[in-house]
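Read through the structures below before going on.
Across the two complexes that follow, subunit A remains constant while its partner is subunit B and subsequently subunit C.
Coming up: the complex of A and B.
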């Protein structure tokens, strides 16, 4: 492998790794606070994409405003889903809730297909997905840079939100012990609604960054969601930095391994998951879980 | 008196029997009706593929309006299988066993068709134009068709990829060829056609690159890089959907600009990749002529395709405008069925229909170039014509060649 090839593979890995990391962050954030894996994450992200597309391409609303509206809609939908369905479900065990999110995913996907159609749509991006910059002799696509930079900004913003804001502190408290948090007067429901909303924003941002480079249709989130889940497990289901590490690690390893053994590329994420579950079940940066009282 | 009654009744019974024998008919056929079944996805993420059924329905409506076939109207029963082979099996079982259809037409998808092929073979159900280019449906075993009741009209992927390669090598004079394919029967048959033809061309061309992807992959950045490293001048595409668009865009990102040659399967979608990609100038094999509506200059489309397009617009204007090629393909798929029913005459049985279809030779009455079947051949069409995808004056196609056929000179 030449040096140029190695750098190109690294760029590919970092770009797709940013998407995986954002999805993994949304998975981990939700898991930390609610102990739930949300299979409907992809559909919430699709809602943001379709709304952004409709506003900007069909109604002429500026892209940045459509983008924000898409993120907001997805956050509201996620919060409402938690508040009206998840919270009230009789089956509050993890399996019951998991099935509920699966049902929501199927229902929402059908609804989105019905509303927006299944044909490929071209979601505009903030930069031309094909244009490149030449840096140090390497041409790097503007979109790759945008995805990586936007990904990093969102990750830092999430870190600051969780570590420095009051609601972030409350999220951490709820994630450690919801009963004690409640006893201390923390509005647990508000915290959980916020977690669902923030998680939806992260997943939607990933989809909005990804869609301009491929095309928008109701199945585009299948692969990123699978990989995001895998990255979350690899990094540690309870660790936000772990999710970021897992996402980038998976993206980069996938690029190098996929280059030499293409047939291995799809299975790779799940091989990593198996290895992690066997040798380090709490993930690379996750903490060993203790059962809640 | 009693003798006369007995004689009269006997004569009447003979007359009915004679009449019945003169009007032999089969399952799904009455004096006034022929039941035909078709299926495709009209729900779920692949529902756009089901638009083929619009074309079939439009032609059936036209035939019925014009008096039907030998006095019988065609009743078309459409079913949604969601592009799921397990459901295809169920809906076709319902069409055959409950609805008692005479035969099938169209039917979208290789895996979907494969799921019912054994039942079709065992029950000898006539099936015209499976809506897939897989060779599975026209296989020959010991000099005879494996499934004698199936008549394939879609130019199969092996023939199609062979013709694309010949054009790249013989006309465009490229000798470094690469193939990008999806890891399923569509992709593998395309790859197989290219490889076999490269071997036939004996040194005139070399396969310098070969990349594949799984159906669920949507980011083909790695494959683009490998193709660039291969140095291929011409790239034959046997991939589709998001993956194809991703590949074309990733190639553009890294400045790789081979001549792209692509299967008819992507004709409806390739131009979505954008004018800065190699979709601009891509050569596409089409098994049906292009209507004016899909031509870049909006002029001089094929008159028969235009006539079909006008009929289609009456039935489903939005879907037809969104995807003229898939819907017109459905029209083309149904044309040989109608011809076979006509040729079978008033005494329509499954046997007489199969014999009538086998008798179709060099028939040019459909949108296909020419349809020929025989007792030993079930691949009725082996022609394509090549078009180029362009973006000016509007996104669409320009004709590159007349019809080219598999049996033409190398």
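Coming up: the complex of A and C.
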């Protein structure tokens, strides 16, 4: 492997890694506040993609505006899903809730396929996917740079939101102890609805960054969602920095290994998961959850 | 849930008179299906195969409280083993190989699973399922046929006598009945009770002398055997095994069967498998609507009746027993 090839693979790894990191962040954010894995995350992101596509390509709305509309729609859908279904379900154990999100995922995927069709569509991006910059002999795809930078900006924004804003503080309180948070006058339902919405925005942003580089159809989020779950587990389900670390780690390892044995790209993520879990059962940066027997 | 007055009542295989009626009617119906309604023989055979997997998954998820999103993997291992061994050895011998192989693999998967719980276990097991699917799809095509899969001829397995679909139906029925009987027995044995004890209070089970690690890995092994035998019966039924049929979606379907049917009971697994097979059969005609409607059923069950169909049945029974109070 030449030096130039190594750099090229690193850039691909960082690009795909930031997608994984964003999905993993949405998984972890939701897990920390509501103790649930949301398998419907992929469909929420698809909703954003399809809406953006319809607005911009069919109705001629400016790209940035339809982008924001897509994000808003998936945030509202996620909030509504939590508020009207998750919260009221009779099965409130983790397994019941997990299966509820699986049901939602099947339902929403079926619905989106019916509404928007299963054919391949081309979502326009902010930059042309094939354009490149040439810096010191290297050619770097503009899209890679855009994805990596946008990913970083979103991560910093999430950090500021969780650490500095009042609702972020409330989220952390709810994730520590919902009952005490409620007793202290924190509007727990509002906090949970907004954490579902923020998680949906992160996942949808990842999908909207990914979709222009590939074609858009109802199954594109399956792989990124699996990888995002894997990245979240590698980093630790309770740690937001862990999700970022897991995402980049997975993206970069996948880029290098995938270059040599492309057939086992998918299994690789889970080999990594199992290796990490055997030595650190709560992920690289996660903490053991204490529970009373 | 049902009041028992004597220990003997708890030991009975079929608990009540209603149980006997249901049991006898079900057996009679299953025996007569190929004679009376040959067109339904295939979906009913599929139902029996699925109910094996659902029972196995219920032993792991419902009894022992460990989640698995990777049972399509064990199902695939069973199916591919039969497909590979069919031209070489007889069916009972091949089935025995499947049982041993799946028990060993299930045990091995169960060891790292000991350290994991909740979401970690769900993701790790789904990874196992995906890895198995990738393995069968991406190894050289003279091993397992690559992406296009392998053909399984019934005549290779049983000779010309059993090549007919009707004969194979009765083979499935026999194997399934035997394994369902074993599952009902297992649920009432000390091992079944240890499973439930580990699920309800791991620490308390441990202090009462239950070897938690052993019981958890045993649950994985038994569960894998049920899924593997299900896969082994499935392969000749379908006539072809290909990697795309053993996706994560299949694992999700298995899980939805036990949830719809009722978690933590053998009968619940059978009921769920029945309903899901009927749904699939009917929804196949609905075309694009199938995903939407299937998801809707899962959503409604989870929101309205988390104990599933079996839980609802028990509630109705108790209601009429106490009627008019």
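Note that the second predicted complex is superposed on the first by the 291 of 293 C-alpha atoms of A that agree within 3 Å, B and C clash if a C-alpha of one lies under 4 Å from a C-alpha of the other, contacts with A are read in each partner's own complex, and residues count from 1 in each chain.
Methods note: a residue touches a chain if its C-beta (ideal position, glycine included) is under 8 Å from a C-beta of that chain, and two chains touch if they have at least 3 such contacts.
The shown structure was predicted, so the numbers you read here are calculated from the model rather than taken from an experiment.
Novice: Given the superposition on chain A, which partner contacts more residues in subunit A: subunit B or subunit C?
Specialist: When the residues of subunit A touched by each partner are counted, C comes out ahead.
Novice: Does subunit B (first) or subunit C (second) touch A:113, or do both, or does neither?
Specialist: Touch partners of A:113: subunit B and subunit C.
Novice: Once the shared chain is lined up, is A:255 touching subunit B (first), subunit C (second), both, or neither of them?
Specialist: first
Novice: Applying the document's definition of touch, where does A:266 land relative to subunit B and subunit C: first, second, both, or neither?
Specialist: A:266 contacts both subunit B and subunit C.
Novice: Using the superposition on chain A described above, determine whether A:16 touches subunit B (first), subunit C (second), both, or neither.
Specialist: Touch partner of A:16: subunit B, not subunit C.
Novice: Give one of first, second, both or neither to describe whether A:54 is in contact with subunit B, with subunit C, with both, or with none.
Specialist: neither
Novice: Classify the contacts of A:213 with the two partner chains as first (subunit B alone), second (subunit C alone), both, or neither.
Specialist: The first partner, subunit B, only.
Novice: Of the residues on subunit A, which ones does subunit B touch that subunit C also touches?
Specialist: Of subunit A, residues 109-110, 113, 222, 263, 266 contact subunit B in one complex and subunit C in the other.
Novice: Could you list, by residue number, the parts of subunit B that touch subunit A in their complex?
Specialist: Against subunit A, subunit B makes touches at 43-48, 211-214, 216-219, 221-223, 225-226, 229, 241-242, 245-246, 249, 252-255, 269, 272, 274, 276-277, 322-323.
Novice: Quick check on the complex: what are the subunit C residues that touch subunit A?
Specialist: Those residues of subunit C that touch subunit A are 61, 67, 112, 115-116, 118-120, 122-124, 126-128, 130-131, 134-135, 138, 201-204, 248, 252, 255-256, 259, 263, 288-299, 301-306.
Novice: Over in the complex, which subunit A residues touch subunit B? Could you list them?
Specialist: 5, 8-9, 12, 15-16, 109-110, 113, 118-120, 122, 128-130, 132, 139, 141, 143-144, 213-215, 217-220, 222-223, 255, 258-259, 262-263, 265-266
Novice: Can you name the residues of subunit A that touch subunit C in the complex?
Specialist: Where subunit A meets subunit C, its residues are 31, 37, 85, 88-91, 94-96, 98-100, 102-111, 113-114, 222, 226, 229-230, 232-233, 237, 263-264, 266-267, 269-271, 273-274, 277-278, 281-283, 293.
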